[in-house]
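So, here come the structures, one by one.
There are two complexes below, and they share chain A, which is joined by chain B in the first and by chain C in the second.
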Partner chain A sequence: MTTFTRGFRGRRRGGDDRLPPGQYLTEDFPVLSAGPTPDVPPDRWEFAIHTETGQAHRWTWQELMALPYETPTVDIHCVTTWSKLDTTWQGVSLDVLFEDVETAAEYALVHSYGGYTTNLPLEDLLDGKAWIAYRYEGEELAPVHGGPARLLVPHLYFWKSAKWVRGIRLLTEDWPGFWETAGYHNYGDPWREQRYADD
Partner chain B sequence: MPMTKWRVARLVKVRDENPTARTLVFDVPGWPGHVAGQHVDVRLTAEDGYTARRSYSLAAPEGVELTVQRVEDGEVSPYLTQDMEPGDELELRGPVGGWFVWRPDGTTPVLLVAGGAGIVPLMAMIRARRAAGSGAPFRLVYALRSPGQLYYADELLSPDPGVAVTLAYTRSAPEGHARPPGRLTAADLGPYGEADCYVCGPTGFVEAAATLLVELGHDPARIKTERFGPTGE
Partner chain C sequence: MSADYLDGNALAGPLAEIFATDVSAAVGRCASCGLTGPVASLRVYSRAPGLVARCPGCEEVVLRLVRSPDAAWLDLRGAVCLRIPLGGP
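Our next item is the complex of A and B:
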């Protein structure tokens, strides 16, 4: 049974077929973080992939900048119900970073400066689906949005796109991250509206 | 978990906090209860089936009470603050959020920092403290533009024993107010010993306030933040 809200009309907006269920369009870029914005100067920045066998692959900021980059234009969807279309980023595809990584792991736990974590299947990071992004709309990525660099994995709710990304740990078993242990969905597909744990 | 179930919520009472903000009290059969600081998802459905959904913080530790700030060009807040009347219904689910919460069993000092409408979940914490008879020392620093923007005036102008309230007016202060109007500074927030810090407000405000707290020596791991609205506000 549907409950109608008397007198509510709402405002229809275009572009609905690009909006996952329950999302609304915003022109702004809202911010959601659980704590203070960490201060990570690029000269002390490092990114690492740790495999399940204990091997580490590391990149300094300069090394990251020297890698081939892409400039994806993507739609992003936040679990708090805003979506933003056609956002343009610059970053290094995870496919590039994983080129020399040998692993049999199926799961990834992403961790950030400041202590944030989020988990996702490794396959969701590969095949052109994810980037380490360091520019947004042609500008350096602002600290409040995750600068100097954040994970960008736009096909999942945006909490999976960890700000201030520091590394990825490859695991043979799934290990829930920060919001995933706080009642949010383990996978977070916006098109299946996987917001909360039992959605 | 009962959290994801949509429930029908019937508006039973409204209370204007100031000219642009209204508190709405709902009757929600089967509501499972919540912890101060949590929020709800609200869903409104128009006659033709169009729906809009928003998140709002719960303003009180018991019952489903929301305070909504009207955004002039908003889609949902003008309806909630002007048109919705007692007896009208919407759908709601929750409680949501297990991080930005305060539980009344704590005795640790608490520092609450609110910017504008960010007062709502912090007020729920102050009310939870009162309801539980908690003796945890509380301090609230509430930044707001002008006296006409104040929420919860009755409770905040004569606060509970053990709750120290600083009103930091940023544009215009009432006559005789000791602090001259101006943006939040370290002097407003300190000195205060080790505390669990909760900061809520627009993004720019939360960034500034959390940075001040870190500079004052607060452990970043004990600063919890909740932000809303566009950047650069």
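Our next item is the complex of A and C:
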């Protein structure tokens, strides 16, 4: 006789305990943008890390594609209160890009094609917490979602995950970015609901 | 495809909370390219964490407005000056 035992199936966490305070779940992927979508063909795409001493580390699209990639599945949280669970991406970990970068800087200012900027502590980009992502849900990343490549820093509100990412400037002093100079929180931790500058 | 921005009249309501007059009728000069025109002619990107109004000539940011539950942040550094029409005598 075959006995069926109820296996321990590792309860898939429902939405509630994965939703930061003040957020609601969405199934679609809203498009938010502070300006027109830049047209960045991969053959003209370049990504650069500039250190505080003036050194530049550059990658072409082909060079980025040749680097080892990861396929993170992450929850994302937009400051406009939507959250989306289990989004799947493909991209290069910032740990790979920073391998040969020598820096004593503590701050990063991320900049994008189209002029957008956002700031965060350098440590929030390292140790498996951030990627340059170029595929979403198995497809090339659409331009409206930041294609050809965007920053992905899912543990902070999604405005930190700069679309159309072009480079990172390492700084010894913090320099607030586009939304951080217009009333939004300098750090933006969704679990502490750091939406606005005075939160 | 629908435009991903609205015209500057979309600023009238949100700015009415801050200014005593209708600023969408004010005429400003883009700090980037010098184009002069009414606030109503700006391109307003509203599907964003705030309102971002860009110059129709050079697409640089002229005005930004962020509203939290208890405050507003207004950035006008992309506008050289606004001529705000007021009632005459």
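Note that in this section the second predicted complex is superposed on the first by the 185 of 199 C-alpha atoms of A that agree within 3 Å, B and C clash if a C-alpha of one lies under 4 Å from a C-alpha of the other, contacts with A are read in each partner's own complex, and residues count from 1 in each chain.
Note that contacts are C-beta pairs under 8 Å (C-beta built on N, C-alpha and C of every residue); 3 or more make two chains touch, one makes a residue touch a chain.
Keep in mind that what you see is a predicted model, and the values were worked out from it rather than measured.
Student: Given the touch rule stated above, what does A:Phe29 touch, chain B (first), chain C (second), both, or neither?
Tutor: first
Student: Touching A:Thr81, do we find chain B (first), chain C (second), both, or neither?
Tutor: In the superposed model, A:Thr81 contacts chain B only, not chain C.
Student: I want to verify the contact counts: of chain B and chain C, which reaches more residues of chain A?
Tutor: B
Student: Looking at the overlay, what does A:Gln55 touch: chain B (first), chain C (second), both, or neither?
Tutor: A:Gln55 sits against neither chain B nor chain C.
Student: Check whether A:Trp159 is in contact with chain B, with chain C, with both or with neither, and answer first, second, both or neither.
Tutor: Only chain C; A:Trp159 stays clear of chain B.
Student: With both complexes overlaid on chain A, does A:Thr73 touch chain B (first), chain C (second), both or neither?
Tutor: neither
Student: Across the two complexes, what residues of chain A are contacted by chain B and by chain C?
Tutor: Touching chain B in the first complex and chain C in the second, residues 30-37, 80, 115, 182-183, 195-198 of chain A appear in both lists.
Student: List the residues on chain A that touch chain C in their complex, please.
Tutor: Residues 30-37, 79-80, 115, 159, 179, 181-184, 195-198 of chain A touch chain C in their complex.
Student: Please name which positions on chain B make contact with chain A in the complex.
Tutor: 1, 3-4, 8, 41, 43-47, 49-55, 75-76, 79, 83-84, 88-91, 96-100, 203, 207, 210-211, 213-214, 220-221, 223-225, 227-231
Student: Any idea which chain C residues touch chain A in the complex?
Tutor: Residue list for chain C touching chain A: 4-5, 45, 47-50, 52, 54, 59-61, 64, 66, 68, 71-73, 75.
Student: What residues on chain A touch chain B, complex-wise?
Tutor: The contact residues of chain A facing chain B are 2-12, 22, 24, 26, 28-38, 80-81, 114-115, 142, 144-145, 178, 182-183, 195-199.
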